[in-house]
Amino acid sequence: MRALRIIVRNPMSLLGLILVGIVVLSALLAPWIAPYPDHNGAVVDFLNNNRAPSLKNLMGTDLVGRDILSRIMYGYQISLVLGVIVLAIATPIGTLFGLIAGYRGGWVEIVLMRIVDIFLSIPPLVLAIAMMGVLEPTLTNAMLAVTLMWWPWYARLVYSIARGEREEGYVVAAEVIGASTWHIIFREILPNCLPAIITKMTLDMGFVIIIASSLSFLGLGVQPPTPDLGSMVAEGARYLPDSWWLTVFPGLSILVAVFGFNLLGDGLREALEVQS
Amino acid sequence: MSLLSIRDLSLSFRGIHGVTEVLHGIALDIAPGEKVALVGESGSGKSVTARIVLGLLQELAAARIDGEVRFGGEDMRGFSRQQFAANRGTEISMIFQDPTSSLNPTFIIERQFAEVIRRRNPGASREDCLRIAGEALAETAIPDVERVLASYPFQLSGGMNQRVMIAMALVNKPKLLIADEPGTALDVTVQAQTLQLMRQLTDEHQAAVFFISHNLGVVREFADRVYVIYRGRIVEDGPTEAIFADPRHAYTRALMAAVPRITGMGLPDIPERSDSFDAPQISHEGGS
Amino acid sequence: MSQLVGILVRRIGISVVVLIGVSMLIFAIARIIPGDPARIALGPNATAEQIAKLRGEMHLDENIVIQYGFFIKDLVSGDLGTSLYTNRPVTLDIAQFLPATLELVFLAGVIMVGLGLPLGILAARFRNKWPDHLVRALALLTVSAPSFVWAVILMLLCAYYLPLFPIAGRLSDIYEIERVTGFLTIDTLIAGNVAAFLDVWHHLILPAVALALSGIGQAARLTRANMVETYEKPYIEMAQAYGFFPHRIARIYAFKPSLIPSLTIIGLDFAAMLGNAFLVEAVFAWPGLSRYGVNVILRKDLNAIMGTVLIIALTFLIVNIIVDLLIAVLNPRIRHSTRVQS
C-alpha cells in the first residue's frame, strides 16, 4: 500500500498507471465500448475501405473497411492475454531454476546455469523466430516460443539473488535448525526475490508485447483476421506514405502500452527500493 | 587571527518527513598550524561540519545552512560554487576514513596524484607531477616510490594507501587539512603510525588540522584543542589537557567513560539520552 | 598481457561449449517437432520416393543421436547442408547475406554506444535536474516501441515527408560495384567509387538509426544507473573534496568505473540488435541475412534455418568475447591479480 502511494505521488509513475489503466480497460471493455465491436473478425465493408481518420472512424479504416480504433482495442486484448500467459508460465519456471541453482551450488549450479547461458546466447527474438519457423504460426505457438525464450532471464535474476542469500545468517540459521531444502528455498529465500521478480514482471509485460508484436509483424505470430497490432503495422507498411493511418495508429498504440508498463515498472522499482 | 572561524552555524535538511535539524548554531576556531579536534558520536554533526567548510553541502538543494564560516579571514557565505571549488585541494584538503575506497580503483596512483597536483599547478607536465609526487611520497617514508606510483589502489595495503592519501593531501601545501576519522578502517597499529606520520608532516608543513573523530583516546594523542559535540551542539571545549584533566560537562564525562582502558572493565555504554547532556556549553580557559 | 590471453582462451572454451549447446537446442527444436521434416520441406505435392530420398539424405531414419552426430560432422567440415529455398549450399547463402546485416548492425552498435553513453553521463551528472529528466523520459520512450515501429516512423518522416534519405535498399541502381568482401562500405572504396561510397552511407543511416534507437535508450539508462551508484562511492567524494571539475569527474572519474558493469549489458543489447535486424530489414527492404532468415522460415527450410541461427549465435558469442576482453582491459582488477606489497 505504501508502494502504491509512492507511485501515485510521482507524476511519471502516475502517468504509467493511467496509460496501463486505459490499455487494460479498453481491452477488457472492447466488446461494449469499441465503436464497431464486430470489426474484430473477418468483417468486410468495402464501401468504407481505406478511409482517412474522420469523426466516424477516429483512426480511419483498414483495407477492407474495418474501424482501426476498434481493432486496436481488440489487439490490446490479444497482447495482454499473451503477456499474462507468457509471464505466468515463464516466471515460475525461471524462478524455480534460479532458486535451485543459486541455493544448491556445486555441479547443480554449473549445469543449470550453463543451460541458461545457452538460451541467453541466442538473441531472444531470433530464438522465437526460429521456433515459429518450425511450428505453425498460431497464438498458442507464439506463446510457447516467447515463453521458451523468456524463462532464462528470470532464472538468472533469481539465481543472482539466491546465491547472495545463500550465505546470509537467516539461511544458515534455518539450516542449523534442520529446515528442509524446500522450506529454505520457498519460505526463506523466495520472499527476498519477490520484489525484484514483481518489478521485472511489470517491465516485462511491455517487452513481451514488443516481442509478440514483432513476431506477428514478420507474419510468424497471430494470423489474420484476428486483430494484432504487429500484423496491422506490417499490413499497412505496404501502403505508406498515402495510407499512413494504417501503420501509424497501431504502431503508436504499441508505444503507448509499452511506455505505460515501463513507467509503472520504473516507479514500482523505485518504490520498492525506498521501502527496503 | 584564526584560519578557520565558524560562528552560529546551523544546518537542516528538508526531506520527505519534514525538516531535520542537524546543527544548532555551533562556533569553532582553528588558528594557523593548530590541531583542533571535533569529537562526538556518529550522527552528532561532525562530518557535516567539515563538508560545509569545503562547500560540498552547499550544493545540495535539500540543505539549509545559516551562520558564518570564515576561512583566512574571508567570509564564505556568499561564495559561488567556483569560489568554494577553488579552495578545495589547494588551500583546504581532506583525508578520509577508508583510504583504499577513497582512491579511484580504475586509475593508477600516479594519475590520481597528477590530478591533485594540477589543482594547484594546472600546467604541470607529467615529469613535473612524477617528481613532485615522488617527493611527497618519500616524505611519508614509503620505501618503493616508483612502484607505488605505478600501482592501482587495490594492489597496495591499507596502510600504504593511507600514506598515499596523506602525501596527496599535503602535496599542494594546504593551510588546512581536514581529517575525517582517519584510519578508522585500518587496524590499530597502522592507525597509530598514521597519526604519528600525520602529526609530523603537518608540523613540517605548518598546516592546521581539523580532526574529526569519535575516539577520545586518539584525540588525546593528536589534538591541541578539543571541541565536544553532542546532537548538533558544542557542549564543551578547551585545551586537550584541560578537558582530559577536568571534564566538566556530563556528556564529555560519559564519552570518556566509554573509552576502553587496558585495565578497564570492558566498554561502558553511553546512555541513549540524558537531560544533563543538554546542559549549556562549557569552555575551558586557555583556548584561542 | 598474459592475463588477457588467459581470458581469451577461457572465453573461447566456454563459447565452444555454448555453441554446441545452441546447436543441440536448434537441432532438438527442428527434429522433435511433429511432422516429417522431409515432407514439410518438399511440400504437399511430393511423391513418396522423393520423400524417401530426402529422408535418406537428411539421415532422418537413424535415431536422433546419430542424426545429431551427422549434423555435427557436416558442421565441423563447414557444410551446413543445402537450402531447399535457394537450392544452394547454406554456407554460400550466409556468406552472401551476412555482410549486409553485419554492416547495419555494427553501425547501429556504434550509434548506440556513441549516443547512449554520453547521454547517460549527462543524466547522471545533472541528476534530478532537467537534463536528467529529459534523457530519462526520451530513453524510456525509445525502449517502449519495437524497432519496426521506429523504422516505419523514421521512414515516414525522414524519407517520405522530408525526402532526406532513400526509402529502401543498400545502393542506388545506377552503381555497379564488384563484390569483394560483401561489405559495400569497403567494396565501394576498393572500387575507388566515392559517389557510390557516399550513396552506401546515405542508405545505411536511416535503418541503422531505427535499429539503434532502443539500444541508445537502454545504454543511456544503464550508464545513468551505474554512474549514479558510482557517485555514492568515497572516491567521488574525495574527487569533489579536492575540487576536481564536475565535468571531469563525470567524464573520467565516475564514468570509467561505471562503464565496466555496463559493458556486459551493452553486449546483450547488441545481441538484441541481431534479432531486431529482422524487423528493420523487413521495413527497409534490406537484402540481409534476416530477410533471408524470414524467407527460409516461411518455407520451412530446416537446413537454412539452423545455419542462420547458428551463425547469429556465433556472431553474438564473438561480440561477447570482445566485450569481455574490453572489460579486462578497462578493469585493472582483472588484469593485475597480484599485490605489489602488503
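In this document, chain identifiers A, B and C correspond to the written order of the chains, with residue numbering beginning at 1 in each.
One rule holds in what follows: contacts are C-beta pairs under 8 Å (C-beta built on N, C-alpha and C of every residue); 3 or more make two chains touch, one makes a residue touch a chain.
The model shown is predicted, which means the values in this text are computed figures rather than measured ones.
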Leading chain pair when contacts are tallied as C-beta pairs: A-C
Farthest chain (mean CA position) relative to chain A: B
Centre-to-centre distance between chain C and chain B (centres being mean Cα positions), rounded to whole Å: 51
Approximate Å spacing (C-alpha centroids) for the pair chain A, chain C: 22
Residue ranges of chain C in contact with chain A within the complex: 17-18, 21-22, 25-26, 29-30, 33, 137, 140-141, 143-146, 148-149, 152-153, 155-156, 160-161, 268, 271-276, 278-279, 282-283, 293-294, 296-298, 300, 302, 305, 308-309, 312-313, 316-317, 320
Chain C-touching residues of chain A, taken from the complex the two chains share: 12, 114-115, 117-127, 129-135, 206, 210-211, 213-214, 217-220, 230, 233-234, 237, 240-241, 244, 247-248, 251-252, 254-255, 258-259, 262-263, 266
Chain C to chain B touching residues, read off their complex: 233-235, 237-245, 253, 256-257, 260, 330-333, 336, 338-342
Sites on chain B touched by chain C in the complex: 54, 56, 85-90, 93-94, 96-98, 101-108, 115-116, 119, 144, 147-148, 151-152, 154-157, 160, 168, 178
